[in-house]
Each structure stands twice: as C-alpha cells, then as structure tokens.
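There's a structure below that I have some questions on.
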C-alpha cells in the first residue's frame, strides 16, 4: 500500500481485519489427535508426513485454485496437466539415470530440477493451447467448462496412452532422496523434505504476485466483468491466458512431484488426487491461495489422523470435512469472491 | 390430441420433428427392425437413458441446479429392484416392492438434501451433492455383504421376462419372440409414459416457475414463490424419475452394480447427453441420449472399419485405432460444445427462427 | 463354417495393459497349438475380440451379442471380476461355454458359478495359497496384512487367513489394514502395522493384497527393518515388479514369472514373445495362452463345440499350458495349477528380477470347493 | 384514523459496524402515497429491503396489516400483498417481456404450483400480461427477451412486473431513473391511477423532486439511516435541515426552477 | 468551434441479427461537452458502446483525434484516451472502492490532488474507501463508476446517464466537476435524460431516434426553441414541470 492511499483512508473506517479463526483449525485438529493417539512419536510421524503431503497437495491444487477462483473456470482437465507434467519429467529423467543413481545429492537434485523445469514450462505451453482451443468458448459457463475440459482430459489421457503406451512406468527417486531420516522412533522420508521446500516457495511466490501487484486485482475484476476491464484499457485476454499458463505449469510441477512420490506413473495418475484437489480448493474458498494452502494441510492432517485412528472412516473423512466447513462457512474458509 | 399428449410443447422445427419421429419409430420397432442381441440391448439402453437424462434436465435445464448426485438415485432404483429380487426371489412382488421402497427412499433423500442444502450457492450445492454421492458409493462398496460390493449383483427376473421364455412358438419377422422382447416393450411403454408425463410437468405452471427460478431466484422470491420449496420439489421429482429409470435398467440388465449405475463416468455421460441434446428442452434428452449411446456402442466398430482403411498410415492409423475410441469421443465432446452451444435442439430451433 | 470364438476384455479403461496381454497371449496360444494353421477339427478359427470397457452391463450385452448375433460357440473373458460375474448368467441362458480368464473373484467358480463356466485364470484363493506357501513353514511368524479396501482385498485377506491355517499353522495374522486404492499417504497404515507387529514374536512380515499402483516402495521408505519387519508384496505384472529392484530378498508367491516354468510351450512363448515384443511375456500373456490351450484341448477332446459334449470333455481334463499342466476340476471347473514362490535377486535388473525359491505343485494346494452343484 | 397497513417499529439493521437503518418508526396508510427521500446511501433502499423482506432486521419490527411479519421471508410477504420494484433492475433476463409479466400474474394464482395442467390453458394470464404491458407502454417489446431491452424499457418492465402482482402495498424504488422524458409521464400516470383507486398503500423512493412534489401526499426524509423529517410535502421540502442535508442549496433556487 | 475530437460517419451497428444503429453521424468537438439525447431504446447506449469498441460497427467510420478507431479492440480504444461510464455502472463488486479506482489509474499510483478533488464531489467515496463496492447504495455505485472514469485525465469521456439515482445535491456537485474537466481540456459525450442537467452543461447536442441522429446543433439553440424540444424529445411543460 502506498502512502498516498493511506492518507486517503479516513481513520474512522475500520481496516479489513485478517481472519485468524480458520488458522486455528489445524492446530485444534493436531492437539485433538495427540490426545487420541497417545504415542507422541507416532503422532509426530503422522503430523510431519501429513504436513509434507499437504504441501504436495497444495502444489498440485494451487494451479487449479488460481484458474478456478480467479478466472472462474472449473478445469476438470487439470488432471491432464498433472499427468503430462509427470510424463515430461519422466522423459527428461530417463536419459539422466546416471545423474539420478550417483551418490552425489547435487547431481540428483539438478536432474530433478531440470525435469521439473521442463515439466512446468511444457505444461505451461500446453496450457496456452488448451486455453485457446478448449476454454475460450466457455468463459462464464460452469457447466460447459466441466464438460469441455472433461473432453480435453479424455483426449489428453488417450493421447498419453497412444504416445507412451498403456502400461505402468517406473519413476524411481534418485539415490540421495531415497529412504527416510530416522530420529529415534520417528521416520520421515527424505523426499518429503524436498516437497516441503518446493511447496513453501510456490506458496510465497504466489502470495507475493497476487497481493503485491495489480495482477491479482485485474484478474478478480476481469472475472466479474471482463468488458469493463477492457474499457479501462487492459487486455484481459492476455492476462487470462497468462493465468491459465501459470496454472497449468503449476499442475505440471505438481505432477512431477506426485509421480516421484508415487515412483510409478500411468496416464491416469492424477485421478487419485483429483478428488482431494477439488476438496482442498473448495475448502480453501475458491481462488484463495492462502485458503488452498490451509485446506491442503487440513485435509492431509485429517486423512492421516483418521486413517490411523479409525481406518474405516478415512475414506469419507475428507468429504465430511468439506461438508462441515461449508456448513460453517458456505463460501469456504477464505472466500475471495461473492459468487 | 397430439398437442395434449405433448403438452403444447411441440418440437417447433420440421427437421427436429422428423428426427424425433424416426427415433420413436426406431425404438418402437427395434427388436424386429434389426434382429439380434446387440440392437435390442442398445435400444433398451437408449430408452433408459432418455428417461434418465430427461429427469436430469428437470434439474439442470429447467431449474438451473447442478447436481452430481443424480447417478445415486439411478443406483438406488437399480439396487432397490436388484436386491429385492436377489433376496426375495424373481417375483413381480419383489420387483414392485423393491421399486417402491427405492422410490420412497430416493425421494426422501432428495428432499433432505434439497431442504438442507438448496440454500447455498450453486457451485457449492454441486460439490455437496458430489460429496453425498461419493459417500453413498463408498457405503455401497463397503456393505458388500448386501450389495455385492464392486462385483454387484446378478439376479433372476420373473419368468415372462427371461430370454428362455417363448411367447410365440414361431419367430415374428425373423425374430424369436422371447421374454426379452416382453421386457423390452415393458421398458418402452414405461419410458414413453414417464417421458410424456415429464413433458407435461415441465410445461405446467409449476414448470414455468422453475424456469423463473433458474433465471433469477431473487426476483422469483420477491414475486412470492418460495424458491426452496420449488427447488426441493423439482429435486424430488427428478430423483423419483431417476429411481424409476434405475429400476427399469436393473430389470432389463438383470444385474445391478456400482459401475453400471453409480460411477462418476455415468454422471458425466448424463451431463454430456443433456448438453449435446440441448438443455431446458426434453427433446434434447431424446436426441442427446440416442446419439451418445449410439456413439458409445458403435463408434468402436466404426473405427474398426476405418482403421482397416487407413492401416499403415503412421499417425492416422494410430489415432483411428479402435482402442482409441475414447480419444475420438473426447474430440467429439469438445466439438459438440463448440458447435452446439445451445445443444442440437437449440441449434435447430434457432435456425428455424432465423 | 468358421469356428468362432469371442474374446471379451477390458481393452480400454484402467486395466488396458492387462487386456492387451490377454489378447496377445490368446492369439499366440492358438497359433502355437494349431501349428500356425489356425484350424481346429478342420474348421478355420475366427476370434472376435470385443472391448467391454470394464463395464459389467456392456460385458453382458457383448456376450449376448457373441452368442446370439455372431454365432460364437465359445467365449473367453474377461479382465475385470465385476464384468466376468455379470457375464456368468448369460452363458447359462445361452447354454454355451464361457472360459473365464483372467478375472480372479473366488465366487466365479464359487457361489456364482454355473455349469457352463470354466476358469483357466487363478482364483484369489489360489493366489492366497501361493502367498501362504511363501511364508516360512517351521518358525513362528506374525503377519500384518495390507489389503486393498475392496471385495478383492477383503476376500484375499480372508482366503490368505484360511490358506495359512491349512498350510502354515505356525503363522498368525495379527493385524489387518485396508486402504482405498486412491490413498495418498500410507504413513498411518504403516504406523499401525509397525505398531501391531513390533513386539510380536517370531518373524514379522507385512503381506500385501493389492492391485493397481503398489504401496510397497512407500513402506520400504518407512524403514520397516527398524522393527525387523519383512515385506511380502505379492506377485504382480512386470512393470510393477521392476520398480522393486532395490528390495532384494523380499519374497512372495505368484502365478507366473516367465523364467520359472520349464516346458516346451513356455520356451516357445518366451522366445517368440521376446522376438515380437522385445520383452519377456508377462502374467496375463501366459493367462491368455492358457485359455487358448483350454479351448483347443477341450474342442479336440469333445470332437466339436456342442456345450454338453464340451462340459463332459472338459470336466477333469488335463491340458498343457506355458505354466505347466492344468486340470479343470470336475466339481467347480477351476483350473488347478502350479504356483511359484519367488525371491527378489541380489542385483536385480529390469526384467531379470526374481529367482525361483520353489514351485508350489498344484496337488499340494488345499483349494476348497465353494460352488453349489 | 384507519389502521396502518404497514408499520415499522424501531426498525434497525447493521452491517458490521455500519448502521444502515437506525430505529425507524413510522407507519403507512391505505390511500396515501409516501415519498421517501434522502441523500445517496441514506438507507432508503435498505429500508425497502427490510419492509419487503429482502433483508432481515437486526432489531425492531415490521407489521403488515397489524401482523408481525419481521421474520417472514420475501416470498411470504409478497403473498400477503407487498409488491416491489427494484432500484437495480431485477428481471428474468432470458425470458421475454411477456413471460416476465406473466410469471408475476401467475404468482397470485393458486394454480401457480400445479404440476399437471398445461400452462397454455391459462388464457387469462396471457391476456392480462398483454394488458399490463400496454399499461406501461411496452406492448411493442412483448416478445423481446428482457436482456435485450434498452435500459429505460427494462425500468418499465420492472414496474410492469410489480403492477401485475396486484399487491396492495406498492413500493417503487426510483421508478423513473433512466427513463426518457417522454416516458416519465406514462409511469406518473400509472402511479396517479393507483392513487385514485384510494385503497392502495404506495411508497416511492425518488430523487427527482418535481416528481415527488407532483405525487406525494407525505414525505419522509432519511439521513444516515435515521428518520429526519416526516410531514406534508411543502413543509418538509421547505424545512432547512432537508434543504441542507439533501438538496444542498437554498430553497428559493429550487422552487424558482419548478 | 474547434476541430472535432471524435467523428462518426454513417455508422451502422448490428447486435446479433438486430440492426440497431442505422447510420449515425455524430461529432464531438474538442474541449466541449456534447449531450446525446433521445427516448428509451433510441440507440444512445449502443452509440457509446460502438465508440468504445464493445459492439463492432458493421459499416461506417469512427475517427478519434484523426485516427480511425472503428473495429479496433476495446483496450486500444481506451488507451487512446477514452474513458467510459456504462449505464449499468459496472463497478467491480468484489473489489473495494479503493481497488476499483486503483485499477482505473493505469499510469500508476493515484494522484493525491485529483483524489481529493473527487472526494470533494463525491464525499461518500471517502467513507466507503475500504468497503467492497458491492455493498454500496445505488447512487454510491454510480459515484464509483464516474470516479473511475475521471481518476486520470483522459481526452474524451463517454458517460451514460450519470445523474440517474443521484440526489440533487450530488448532481449539482457533478455539474461543477464536469465543468472543471472541461477546463482541463477533457471533452465529454454525455447521454442524459435529465434535460435541466443537460441544458446546464451541454455546449452542443445531438438527438438520437431509431438508430439515427435526427438533430444536431448547439445546446443554446435547443433550449431557446421549445417547439423543437417538443418535437424531438416529446418534452411538454407539464411533463417537465
């Protein structure tokens, strides 16, 4: 905020307050779980791995929340970008198996970084095509978006089949990231540490861009009335393409992370996470990056605790969480827009 | 007479009328037109999906509610009949009881969901229904002792509906008249009657109010329409019809299982059929349902033929391979949303006006 | 006229890769057994391949179409158990033979069985017996089960428990966990199993009943060796097992691994398959081949395709397959067959992964009858 | 004096810290037209929303025909005879002008929720809708979808919908805003006609003082959500607070123009 | 009179299959205020939207400051120096008042002096600076919409019915503001129903009917000629009061 707008704001108008209440949820959840689980080491193992899993879900979902919330586009085809990103990464890693299997962590990481960059850029570029061909005719029409992006997803998945074959591919972790760090009775997979770092970088980056620049405002305004934004002299089309490209690129990055975590890869790799992604995006409040982050952590924590405490309940726990959150805050934890 | 039957909602386009008549004729004579199991199976599936899609259109097209739980009601109907026959034996009583219980259960569930959640914003309602449907599917798979889990249940149907039952000693127009034919016409008559009834309901004063609510619920409320009530009734109606469609489908398949009724794929197929056919017009359900099921059943065969023609051409041969039928279907989805944004019926009616 | 055989498989959908293997195996089987002439009893064989898309209703409709419209005399299929189960009554109504391959549900040759159904594929129970056979016999063993949360997983665990009881009385299941196929994080399940096993006596093993992307690697990453726990992931298709290279020493039972059975048929299959597809034949290739072997042997023995004659001929019939001799049991028409106990090699490579610990002879496996005749 | 038809007692609504309508108590009688004036953001529309049920009061009561309706929703109040034309046009955009009006007429009919009749059987609705369109001079746009109407025509349709409801309380929120000078008399005549019927309760929010003067029997002034003045038009307009708060200039200038 | 800043010649506009503008000829002189009058549905809004590029003219030319802009896309037209206040106001409901204005200030941070001037005309904006524009009253939204158009200097303002829904005091203030703008060499094309307001402000006037300009001239001439008023606008004394 600049000085001069601060001056313009009269003192008697209260500033918009930051809403801390939802932030308490994971804390309450974790404390409750500790009481129920009893064993602190088990609790710590579950909590740490859930936090890391939450970061991964966040990266996968962040592109979706951008596109879903900011552009008001429900992209069921998000999963296609996750899968394509994963395959791109695999293609890059295949000839680099030397780098992957040495004991040098630096070599390991540079191979991964290269793969991630290619996956991100590649899916980003595809995103541009997707926006032109698939999304453009259906801006503002949720239902059509669901259908047409579904169609896009099918085409992409089938194309992957045609190119890479239908069978499962291996996507081994590099030597340096295999296994776990063991501290006493707690074991935390090394790979998850990497995921946490990537997740935090993505989160902070997105927050900066959206809150410190005009872009966030423009997109929100454009969703509401793109005609008026154009009449103010902005090329909203380009901006939308940009957002879509970034969203797709993030999906590609997420796909890379996810496939490496899974260590195997099929064209349908994203189907397993997509439900989670939807839930996270909804819980967070369509388009709120912070909400998405919080939602991802919440969902991951709840999934781990409930799977440990009452495994039968694990399947429905996240869905239930979504319903409860919606009952409490019908627009999600951090609603961005009153749609 | 015809106007009354169609509730004054005529196709309003010559070409559309012709296509509808053709479909009606085809479905009415399917067992004899082309003999064989494939034709009759396809025709029956078309019938059931016409009803299912029409019932969904009440929600989506007429009331503007997006629900992802429609297959749940379809499944309730299927399981109602299926489980009743599985546990009570292949009697009409069991079928009737199963359908009735399913209807009561389905409509009650719809009313509950409606009353509890129709107040929230559209997209959230969609997500809540998605959640409910997911939980229901999980429940069905976990109660496998009753439901058969993923494997579903095969069951027997009353004697007169079985393929082994001979109605006529001699084949008619080259088709042996068995219990399958009886079952087919049972489905045909039921679907036709329910479709006409649906047509009547969307063209009643009630149906007009639904459209008003779709257009602007805030205004409708200000005119004195209790929006939640109307929406809930629409949800119940639509659910009830879906239950019946599910019951008929189970009766026809003599099988019920999650993959045939509850899967999210079917939900998406329904959505596609509605949109391709044209939302907010029941004739769209007929066109969409027919086209889609035909494509689903014969696209692969068609591709098989095409593939032999282009064999050897590298890329095209790959794409037209029968195993890639989904690829083609996906492209068709996209194209149809492109070129028929108001659905086929909408497009036809537009061209009639211009 | 031609002898028409329908092969129904889930060629598109999640199990596409399996279906492709079955089809290739079936075709190669016919080729080998008819010496490339593709003729049986002087009639040309025509195979109609149909894709059920893993949908039970579609499978059912396709089978009706096969028997009624296409005039198929025998049908083979299908990939998914739900589809196969839905198809069973169709065979009975049409009074024609259906050879089930490779669907595994026990009830296919159990409670849902009818006399027109034969199965060359192994049942879940046979898998369980093989897995049980891979458990050490003479020492006390505590086992934790990691099952897929579906009918497949639960039946598998049940069957495994029974198999243990009859084959490995010293082994005990001390914990059962079930996870959904789309579970993202296996940490809680591993924690529960580790917790349940860590103070238990004897050898400690976690046994998997799983289909689809396998959680094995995730469990390895959690360092089960901290608690002296071994992992037994169960047999799987090659691409999945290839990802287990670094888990040397893990053991389990399987239905087929290309290098295990030593017979002429398998030698030919390995050589030919390597030549055509530049890879060793997998699991379902052998299955498809076996189904073809059953068809050829049955029709030859019956002297035709009349269903009654076929039933009479095939009940109790022994026939050669790439995985050794099989016998259709007269009571439930399940093919009895050898299974294999394996171990992951020390310096395993892609497609050269398993070593044979022991062949588990068909005769030593106590496979119960579960069907009603 | 007769019973008030509509009454508000200490009616209050707060949005966060902002009190948009603050303890407004007054009543409205049949046969009178009350104009509600006040600067932008004074709370006029919000007050309307509280009376017609679009908003629920934070405190205070709304009485309709002597009954407490504070907790009833807009649909129930509409059924009891409150008709409302919105400041921001609020139509069924993809339906034609005729259908828009017909839906309002239908709302009054018990057959509105009939599931089995054909709506085309209700000739009376159709004819009456045509008549109402003529009343507001919109018959030539009968089959135009509302979204395609020009702004002024939308405003007329907005009024037509309320007329079609045949309420006994009419609430006009700036009915003539955006209406061209030659169309304004049509609306004024319509309101005059309602007044002449003698048994209708009419509330009118309007910024055009000439319109207010020509129609109102009584004026109330809202300012910062509070009732600032209430009385016959001449007195209220002349009162210095109103001149100051609302018109923002000396009274002579205003009258001179009129 | 100065050179025209904007000139429309024989402009036709179709919306879908409807032929709305049927040959509009219109000039806006540089540095003046032009009033566009006409009955409901005459085509005033369509004219403004056509200039702004929100509808594409199917025929005819639109020239702004000597360069043709007919058929260009909206952002380019806006960047050429034209600002637009639509009749629906089109404020961004989810954005605060501040954010609405921030977006309109393309060049960078808002100019403090100019902002103070706007607050002077529309004091309510200051009070609701941090509120989402969606919760404002009808008139307050109108203020945001106008403020958005004038937060930075532009060559030409297209304003569709700015007085609708505004209290008299605010309207008075607005007349002053527009005169200020004119002094800063901003030209204005204003659609207006309020004839008194139009008369007080306009230099020139054009009357639209049925998609055509049926009269163009100076405001003074029209004000003086009540017969012409009656014929063109249907103004009669009692309607106007």
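Going in written order, the chains are labelled A, B, C, D and E, and every chain counts its residues from 1.
As a working rule, a contact is a pair of C-beta atoms (placed from the backbone, for glycine too) under 8 Å apart; a residue touches a chain by one contact, two chains touch by 3 or more.
Here is each chain with its UniProt name: A, B = Branched-chain amino acid ABC transporter permease; D, E = ABC transporter ATP-binding protein.
In this text the structure is predicted, and so the values were computed from the model without any measurement.
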Contacts common to chain B and chain D (chain labels): none
Per Cα centroids, the chain farthest from chain A: D
Distance from chain C to chain B - Cα centre to Cα centre, in angstrom: 36
Centre-of-Cα separation between chain E and chain C, whole angstrom: 77
Centroid spacing, where centroids are CA-atom means, of chain A and chain E in whole angstrom: 44
Sequence positions of chain C contacting 2 or more other chains: 16, 149
Residues of chain E touching at least two other chains: 128
Per-residue overlap in chain A, given as positions that touch at least 2 other chains: 14, 161, 275, 315
Pairwise chain contacts under the document criterion: A-B, A-C, A-E, B-C, B-D, D-E
Sites on chain A touched by chain B in the complex: 74, 133-134, 137-138, 142-144, 146-148, 150-155, 157-159, 161-162, 275, 278, 282, 286, 312, 315-316, 319-320, 322-323, 326, 330-331, 339
Contact footprint of chain E on chain A as seen in their complex: 2, 4-5, 7-10, 13-16, 214, 217-218, 220-221, 224-225, 227-236, 336-338
Partner chain E, residues of chain D touching it in the complex: 15, 38-46, 87-88, 141, 148-153, 156, 174, 177-185, 207-211, 213-214, 246-249, 254, 257-258
Interface residues, chain D side, partner chain B - complex: 52, 54, 73-76, 78-79, 84, 86, 90-95, 99, 102-104, 106-109, 111-120, 122, 161, 165
Contacting residues of chain E [partner chain D, same complex]: 15, 18, 38-42, 45, 87-88, 124, 128, 135-140, 142-143, 161, 164-170, 172-173, 193-196, 233-235, 238-241
